[in-house]
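Quick one: the structure is below, questions incoming.
Lettered A, B, C and D in written order, each chain numbered from 1.
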Amino acid sequence: MLEVRNVSKVFTVGLFSRHRIEAVKNVSMSVRKGEIVSLVGESGSGKTTLCRIILRLLEPTSGSVIYDSVDVTKLKGKKLKWYWSRVHGVFQDPYAAFHPFYRVERILYQGFNLLPRLDEGEKKRRVYEALKSVGLKPEEVLGKYPHELSGGMRQRVAIARCFILNPELIVADEPVSMLDASTRIGIIKLFSDLRDRFDSSVIFVTHDLGLAYVVSDRVLIMYKGVIVEEGDPVEVMERPSHMYTRRLREDVPLLYRKWEGF
Amino acid sequence: MLSGISKLIKPELFMIKKFDASLGVLFAVFALGFIGPLLYQVQPTAVAGPLEAPPSRQFPLGTDAYGKDVLAQLIAGVRGSLQIGATAAAISLLIGVIVGLIAGYKGKLVDNLLMMLTDIVLLLPSILLMILIAAYFKWRDPLLVSIIIGVTSWPWVARAVRSQTLSLKNREFVNLSKMAGLSDFQIVIRDILPNIASYIFMAYVLLMSGAMIAETGLSMIGLGTTQGLTLGNILFWAQVLEAVRRGLWWWFIPPGATLVALAASLLMLATALDEYFNPKLRGS
Amino acid sequence: MPEPLLLGLDLRASYRLRLGEVKAVDGVDIEIPRDSIVGLAGESGCGKSTLINVLLANIRPPLVLKSGRILLDGLEILGISREEVRKKVWGVKVSIVPQSALNALNPTKRIIELVKDAIRQHTPASDQEIISLCKRRFEELNLPFDSVYKYPHELSGGMRQRVIIAISTLLNPRLLVVDEPTSALDVSTQKQVLKMMVDMKKEGIIDSILFVTHELPVLRQVASHIYIMYAGKIVEYGPADSVFFRPLHPYTKALMYSVMTPEPESRARGLVTIPGEPPSLLMPPQGCRFHPRCPYVMDVCKKSEPRLVPLSDERGVACFLHHGESVN
Amino acid sequence: MATISPFIIYILRKIVFIVATFFIFLLIIFALPRAIPGNPVAALLTQIFQQAQANPDTVKAVYRKFLEEFGLTKPLHEQLFDFLSRLMMGDLGTSIAFYPRKVAELVASYLPWTLGLLIPAILVAWALGNLLGAWAAYRRRTKVDNALLPVFLVLSQVPYYWLAMILLYVLAVTARVFPVAGAYPPSMSPSLTPAFVLAMLHHYTLPFLSIVIVAIGGWAIGMRVLVIYELRSDYVEYSELLGLSDKRILGYVFRNSILPQVTGLALSMGTVMGGALITELVFSYPGTGYLLFRALSTLDYPLIQGTFIILVSTLLAANLIVDILYAYIDPRIRVSYVGE
């Protein structure tokens, strides 16, 4: 459904580009319909850069992202809006996702910008419905400013935008890493709800091996800008083939087993 | 957006003493300039009485070496200075904000070039540039003086706006707006500008006080406006005609004191706003 | 029973803010046995950072101590002057490994300068002695000694973290308090850092560690005892294995269920959710603070607050479901 | 990667930048008289030429010299080339008002007075301002800070020359403690005798004080904020929990806060110089400010240009020195980065 082909991204720092940082190196990957894929990597692995390239918030230095047989890295204007209505993102920081000056529903109404024209009544109906779908009571949320809601509630509102657009692919960049442990699972569950309801695919970009293992149909392990391993989560966890995955697997603290020598 | 900004101004702001004090002083000086002419109807440019008369009931601030009323000059001067200050500050702010926004938002080559320009202007002392430019104009109306001050004092605004824009443009709300198909222009106007609104307001206040001081400096070296009165003009004539050495204190103390009061209260206002908007400074 | 290394009783501390009083630590009793690693787990805003400051006797406005006693290695550390605490407690009886290793070192001093300053505050020592002490300790901990002659910005994040741990323990403090030190590190470095601290305890450089974190799997690897904190209160405590495998308080259970690790048990469990979010300490709910989110809520929970009741010598829980039980 | 130390790279970059800035400044100087509508220099030339009847020989000589130096009849690029090549040879042209004296020589005779006034004043104000600002920050939320802060705020907004007027009025005109004008008594001629040096210091005090007192305010405000921020940094907390004394920690904080103030020193010099030039007018102090004023009132464009070129090169040189100093005292620049 979506295919990343030989994508690289090089950042240069300074006018005379003395420093070159290769954040993503010749990465190819694909996502199938209705699939939950996790892109796992530690900080500096290039996973966020890749996610921004897929969302077309960044241009790759080379390579292409093919969706519906078009290279989206070249899209502009109307076609780009169409792409964003089909492939949408949710980000890490539920505080930074909202502009402090506007009411929280702004980001929901913004979504209609990507859809065919609707009248106000219909927009309102869809906003209500979306908020309910993410487990919020519309009357408790609408008209509020971001600082009046908790982190978890904000993240739910951000996800509600996907319920309005019902895109084919949702790219979620560390959607729970800044939330409290006890509220995380509730948010994760919303993504599987989206999949169940609209047959949307989800890419979880995460540093959390456990999260990837528990929720996904397929995992991709990223290390220093390269995807080093890919496969069924159980398969990858139990029989990691790449050195890095093996080390990761050994060094992640577990709940049911203890490390030796501690 | 306006409702958003007005939401930021809460009664707490008035609990900052510096804010109240500076507002009070500002109000008094503005009243002097704008209500003063109604209450004190003496021509500032006409000979009103004896030469070099010390303050008295008739001439509350005395007269100058030509017999012109100093209080009347002060009233006109405050207005002239405020006018130049306000215009010059607006010009600097406009340049600084536009340069900063473009550099910060566009990034890459545009950013590098604009910042190089900014750093160069920053390195060349603005007061010297002003004097140099003004020297080539024989006639200088208040607008020209404002422009000269304005085009030489924007770099630090540009730098600050750029760095704020840089940190804002990768915020997630900008990405969300982008993904909703908003154009760069719309994002800058709706998402970035409101966030630096408080800073822009503070910058304006500081630029204004800086511009009024700069105007006085230009005037003192003989390059102020050649039309109308400013506080700097009064000080210039007092200096040229040796008011200090001849002990005519009422001629040079009031205009200077008014300028200091204006500039200091504007700075204090900016400091108070900064404390209000950046609670880090206020204490934990 | 031997005397614990640290005993804190009825600790209460609040922030006095314009909006009101935030009771961040609200009646906490805590005990750190000798030769133990005690884990303190809780979510952000539950008061655990405040509790650390109280346990260190680092109390400064707007934080105010309302009540409590702390006995640390035979010394009463609350109610003595800050000067005295500085001389007799910090660095010698208790040391901290701060949360942000990135900024915890003075950026314009070589590390050795900080080491010299820190040691000389407590004992008169020559440069030579300090350097040889430093060298010995760095060798014990397998750290390259030349890093002490560097500036902080010359060290990687993981290295800085390890150097800080070494500096904090140069004078062999009895207790090391560790405040979420590993969250910014990659997992391999995290493991090395944890190993380093465990080894220090084994070698007797320190007696005990208080490990404060929201990451239960990390605690699982190192802790011998666990305290669970929720909304300013301890809701459950006990030996680590016992708490991990038989959590009693509904909040502890929820916390356990929220952990996702790459283990079959975790995948089999699936996604178990609890509603709501941790309360604000400014206006905590009446009764049991967890009751609005609790799946087992009873009428009594809404009205009165459950006390932290010992169920055995080692375990205790603050929940009406378990009052009157006893657990071995 | 080549192993050039970052210190050297930093300094090289600064030099390139400062040279570029100077070049752009020269372009501005060159372009200004030619770009402004109604070309003031051409107008002045016509004016001089029309007055040629009054005193034909001198004025004609001035006119010819002036025409040659500005070369207004040549194509623009040749004018620029001439302008730059003259500069390279240290030729700043000939003054009109002091004809036939050369501009370079004139400015050179006035510059020492300005620098002698500025450099000590800037340094003293910087040191005192930083100490006072740090003290206010340390005594935050006490009477000391509450009393000092408004004083700093007001001082920083006082124009140097206005304070100069007040000091002159109070201490020279009224109290007669200090002389009212000049850099030394008109009856004496400059020499290195104790009597002359003493008289010079006597004349020096008021101009010096008027700059120092005002400049203290700005530094103190800046330092106060820097120290307050620095006191909140993580390393302060950690150092304290290692048992370090307040004195030690304040030492750390002061040192780290003063670093940005060193960079500030470079940037503020221009402003202080601008103010000091006008202060010289108030005291009739024979520095470049006084010279500039003469040049401005007689529209002596060669002299105006020359004065500015000298002043700006002095400033840029001072800037470079401060930048190098800064790079040397801040280990984050001096020592190479070898982290992740």
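A few comments on the model shown:
Keep in mind that, in the parts below, a residue touches a chain if its C-beta (ideal position, glycine included) is under 8 Å from a C-beta of that chain, and two chains touch if they have at least 3 such contacts.
On a predicted model such as this, the values are computed, not experimentally measured, just so you know.
Least step count on the touch graph, subunit A to subunit D: 2. Centroid distances built from C-alpha atoms place D farthest away from subunit A.
Counting C-beta pairs in contact across C-D and across A-B gives the higher total for C-D.
Our note on geometry: subunit C versus subunit D, Cα centroid distance of 55 Å, whole angstroms. Subunit A and subunit B have Cα centroids separated by 47 Å.
Computed centre separation for the pair subunit B/subunit D is 22 angstrom, with centres defined by C-alpha atoms.
Per-chain CA centroids place subunit B at a distance of 52 Å from subunit C.
In subunit B, the positions touching at least two other chains are 284. Listing the residues of subunit C that touch subunit D in their complex gives 56, 58, 86-87, 89-92, 95-96, 98, 100, 102-110, 114, 117-118, 121-122, 150-151, 153-157, 164, 167-168. Subunit B makes touch with subunit A in their complex at residues 1, 4-5, 7, 109, 112, 171-173, 175-182, 191, 194-195. Put simply, subunit A touches subunit C in their complex at residues 42-43, 150-153, 180-186, 188-189, 192, 208-215, 233-234, 237, 247-249, 251-259, 261-262. Across the complex, subunit A meets subunit B through its residues 15, 52, 55, 57, 80-81, 84, 88-89, 91-93, 96-102, 107, 110-111, 113-114, 145, 158, 161. Of all residues in subunit B, only 116, 119-120, 122-129, 131-133, 135-138, 209, 213, 216-217, 220-223, 235, 238-239, 244-245, 247, 249, 252-253, 256, 259-260, 263-264, 267-268, 271, 280-281, 283-284 touch subunit D in the complex they form.
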